[in-house]
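The data blocks that follow each hold one structure.
In what comes next, chain A is part of two complexes: it sits with chain B in the first one and with chain C in the second one.
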Partner chain A sequence: MEFHLPPDNSGTGSVVDLVIAGGGPAALSAALYAARYGLGHIVLESWQPGGQAALTALIENYPGVPSVPGAKLSGIMRSQALEAGARFTTETVSSVEPLGEGFLVRTESASHTAKTLIIATGAAPAKLGVPGEDRYYGRGVSFCATCDAPFYRGRRVVVVGGGDSAVKEALHLSGVASGLVLVHRRDTLRAEPRLAQRLLDCPTCEVRWNSTLKAVTGDEQGVTGVDLETPSGLEHLDTDGVFLYVGTKPATGPFRGLVELDARGAVLTRNIVETSRPGVYAAGDVTSNGFRQVVTAASDGARAAWAAFEYLEDRRQN
Partner chain B sequence: MRQIKGAEMKALVADTAKITLVDFSASWCGPCQMVHPVLEALSSEMADKVSFFKIDVDESPSEAGAMGVRGVPTMIVFHGGKEIDRQVGFRDKADLRKTLDSLADRFLTPGKA
Partner chain C sequence: MPLLSEDDRKAIRQHFSTMENTVEVTLTHSPDGPGDSGAILGELAGLTDRIRLVTAPSPETAPPSISVGEHGRVRFMGTPSGYEFSTLLTAIIDAGRSGTKLSPATIEFIGGLREELNIMVFVTPTCPHCPGAGVLAHRMAAASPMVSASVIEAQEYPDLAGAHRVMGVPRTVVNERYHAEGNMSETVLVTALSRAMASGRADAFINLSEFIS
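Let's turn to the complex of A and B:
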C-alpha cells in the first residue's frame, strides 16, 4: 500500500519521507543515518545550530574523541551528515498537524509535507525565576560559560547547580575567574564523580551546600551580587557574574497535542525513540529518556532514523 | 555588514533615518559565528530600515565595557544615539527580523524611512 497524502497538499515547501526537527547531535545523527538510508528528508535546524553541545566548552566523554570543544564536535557531525547527503534549512518548526497518513510541518516561512517526523529539538536552559535574572541577562547573568567566560578574567563568579553541566562549566570558569562559588540546593553533587572531585579540589572554588539563589542584584552596569538562602540564614555575596545551570526545559511547544508529553514537558518515549503517535519519533534531550548526554543523543538519532526507515519500508511492502 | 572599531560607534548609531544594530561579538564564540550569517542575510533584506555593524569585543574592550556587555553575542539596537533594544545570544532569522521590524515601525517615521 502506498502512502496516502492528499495530492494537492497545502505545503509550500517539500514533500518528503522524513522531516527531522532540530540541529543538535540527535538531529545531526538522525540526518546522517537518514541520508545513508536514502530517505528523502529535510532537517529543520532549530534556533541553536549544534544544540546545547555547541555551547559546551569541552566534551570529554564522547567515545572515540578524547577531548574536544563542543562546537567542534557538533561541527564535525554536521559536515559528516552533509557529506552523506543530508539537507538542512535554518527553519524553526512552529506547528505540526496530521495530514492524511503523514504530517504537515509548518515553519515560519514554509510548510513541508512529511510521511514521518523525528522530533530532536532538544532543550533550552531552564530559568530560576528569581528577581534580577531577566533584567541582568547579558549583563552578568549567563547560561553559557563557554561564550562569556573571557569577560570574567580576574573577576568573581557564582555558578548555580550541581549536575554535570554546572560542574563542567564551573571548572571552565575557574580557569579565568579569581574566585568561584558554586551554589547547590543539595548536600552532594549529582555530577559525574570525576568532575565533582575536580571541583572539590579546585583551590579557587567554594561550594555553598543546601543553598538556593533568591535574587540577583546589580546597578546600571550589571550584576554586583546575589542573595542566597543558606542553612545559616540569608547571605549576600558580591559577584560580577552568575551562571545558571539548573536543568533544562524541553523544546516541545510545537508538538503539544501531536504526541504525549510527560510532566516536565518532554516527549514521552517507549523503546527509546517511539512516541505516542505512529510515524513520529523523538531523539535526544527532548525525550523523557533518563540519561541525557551527547553520546545518547547521537544514539537516539540513529535509532530514530532507523525506526522511520523501517516504518516506511513496512508501509511500502504491505 | 561592516566591522567597525569601538571609537566609530557613537557617530554611526546617531542615525535617525534608520535604526542601527551593533553586534558585539568575538572570534572564539560559537553562537557569534552562528548568528553572523543571520545578520548578513538581514543586512541585505532590511537595508532600507536597519544598518548593521559588528564590533569585536577583544579589539574594542572599553566600548563593550561601557555598554555593559558581559556576554557575546550581544546585539544592541540604536535610534538617534539611544539604545532601544538589546538581544543576547543566538537568535534565528525569523525571530530577529520580527523584533527589528517592530522596532523600525515604532521608531521610524512612515514615509521617511
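Let's turn to the complex of A and C:
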C-alpha cells in the first residue's frame, strides 16, 4: 500500500532571498540546492504534488533510478529536499510585482517578498479545441490515465497523440482496457523507439496513422464515440473514453508582463535558466528550452538555484 | 509489520507536532472488522496523543468510512491509501489547529449561505489532482455547520460512483446538482458555485464550468 504525505500548509507570508514557484521536479531540485546553499527560501506549490512527473505510472529514464512510479520519484526528491532544510507551503502564485530591490509574490492567501524568483510552474495538458472535448471532460474525456484508468476496466479507449506521454499512457491503459486505438496525425510515432515498439507489439492496441480527432460524441451518460479524419475519409469509432496527450501549455499566467514569453507562452530563457529580468530564473517545462523530461527539469532547477545564489552573492559584495 | 515506513512516521510526527487540540476520529466499519483503515488509523493514533480514535462497528456490509471531528461533517469514505492518505491527514491536522486556511472570499460565501451544502468529492488513490479538491471540500465543511463534505474513493463505492456517473476524478458534486470536474482552484470553484446558485437555474445537473468567466 502506498501512502503520500500532505504538503505543508503554513501560509502566513514571508520575506526571503528566494521564492521558488512550482512543485514538480524543477522546483524540488531547485529547493534541494537552495537549501544546501543556505539561501533563505520558500517553495510555493499548488495542490498537485510532484507535478506532471506524478501523473505517470512508471518512469524508466531517470538516471540512477531504473524503474519507478512517477509519484514515488517526486516523493523521494521532496524528502531529500526537506532533509536538506527546504521549506514548502501549499499556495498557488497568482501574480508577481517587481519591487525596488526584489519582488512581491502574491498567492491566493498570502504575500511573500523575495530578492530573487525561480519560475518552475511547469505545464498543463493542452486541449485540442474540438467539439465535445469540454462537454465530456470528466465524463469520458481525460488528461490523466493514472487517475482515471480504473474506470475503463474492460472498456474501449482512444488515446490521441504520438509522443512519449501518449504512448506511455496508452501502454498503461492497455493493461485495463478491452481495446485501445491510438490516433496519431503523422505516419510514425515521435515517442522513444523503445516505447513505440512496445505499443506496436501490444496485441490489444491499434494505431490510426495520419488521422486527427475532429469531435467527441456522446449522450447524457458520457462519451460514446469519436469522429476521426483519416486518409480514407471521415470515420466514426465507438469508444467509452478518450485520453488526450497532444502537448502541453506552459503555466505562465501569473508571470505575464514580468518576463518575456515565447509564442507558445513559455518563459524565454538564455543560458538555460536566465529570463529577460535580472533576479528571475526559470526551470523545467515552463521554459522555452527544447527537451522536456524529469532529468532536464531537475537539471534546470539546480542551475537556477545556483544562478540565484551567485546573483545574491554579487549583490552582497557590491 | 507496520503499514507506515519509519520515514513516513517521522514526517507524520512532525506534521502532528503542530496540532494544538485533540481531534476525535471515528471509524465506522462492517461486521468483517476494521480492516486496513483500522490499521492505518491505529498507527496514526500511536504517533500523537492529539487523536482520540473511536471505532463504531456497523451491521451494514459497506466499505469503511471515517469522520474527523465530533461534528461529523468532515467524512472520508473508503480506505485512505495513496493520495487519499494525504487528504485524511490534512483533515486531521487542520482539525487540530485553530483557524482556517480558506480565503476571506470563501469564508464570506459560506457565511452567507441560506441553504445547506452537501459536497461529495469522488477520488482514486492514484490521482495527484484529487487531494486539492478533497481538502477544499473538507475545509469548507469544517468552517461551517451549513456545509458537510465526503471524500469518496470511487472504486470502493462503485454504486455511488455509478449513480453519479463518475468516469474521471476528482469529480465534485454539490447538493446532487452542481458538478465540477478536475481540481479547480478555491477561487474558481467558489466563484462558479456562488454564481450557479444565484442563477436560480433548476436543471437537474449543472456543470460549474459554465459559470467560469
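Here is the rule we use: the second predicted complex is superposed on the first by the 305 of 318 C-alpha atoms of A that agree within 3 Å, B and C clash if a C-alpha of one lies under 4 Å from a C-alpha of the other, contacts with A are read in each partner's own complex, and residues count from 1 in each chain.
Following the convention adopted for this analysis, a residue touches a chain if its C-beta (ideal position, glycine included) is under 8 Å from a C-beta of that chain, and two chains touch if they have at least 3 such contacts.
Quantities reported herein were computed from a predicted structural model and do not represent experimental measurements.
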- Message: According to the stated criteria, A:210 is in contact with first (chain B), second (chain C), both, or neither; which is it?
- Response: neither
- A:241 contacts which: chain B (first), chain C (second), both, neither? both
- Message: For A:276 in the superposed arrangement: first (chain B), second (chain C), both or neither?
- Response: neither
- For A:197, decide between first (touching chain B), second (touching chain C), both and neither. neither
- Task: See if chain A has more residues touched by chain B or by chain C, and give me that chain.
- Result: C
- Message: On the A-aligned overlay, A:147 touches which partner chain: chain B = first, chain C = second, or both, or neither?
- Response: both
- Is A:55 touching the first partner chain B, the second partner chain C, both, or neither of them? both
- State whether A:178 touches chain B only (first), chain C only (second), both chains, or neither. neither
- Once the shared chain is lined up, is A:222 touching chain B (first), chain C (second), both, or neither of them? both
- Task: Enumerate the residues of chain A that count as touching chain B in its complex and touching chain C in the other.
- Result: 46-50, 54-55, 71, 92, 108-109, 137-140, 142, 144, 146-148, 150-151, 221-223, 241
- Query: Mind pulling up the chain C residues that touch chain A in the complex?
  - Reply: 3-4, 7-8, 11-12, 15, 36, 81-83, 85-87, 89-90, 93-94, 101, 103, 124-132, 135, 154-155, 165-169, 171, 179, 181-183, 185-187, 209
- Item | Of all residues in chain A, those that touch chain B in their complex | 46-50, 54-55, 70-71, 90-92, 108-109, 137-140, 142-144, 146-148, 150-152, 220-223, 240-241
- Note on the structure: Within their complex, chain A touches chain C through residues 1-9, 11, 46-50, 54-55, 57, 71, 79, 82, 92, 108-109, 134, 137-142, 144, 146-151, 221-223, 241
- Can you list the chain B residues touching chain A in their complex? 26, 28-32, 34, 38, 57-58, 68-74, 86, 88-95
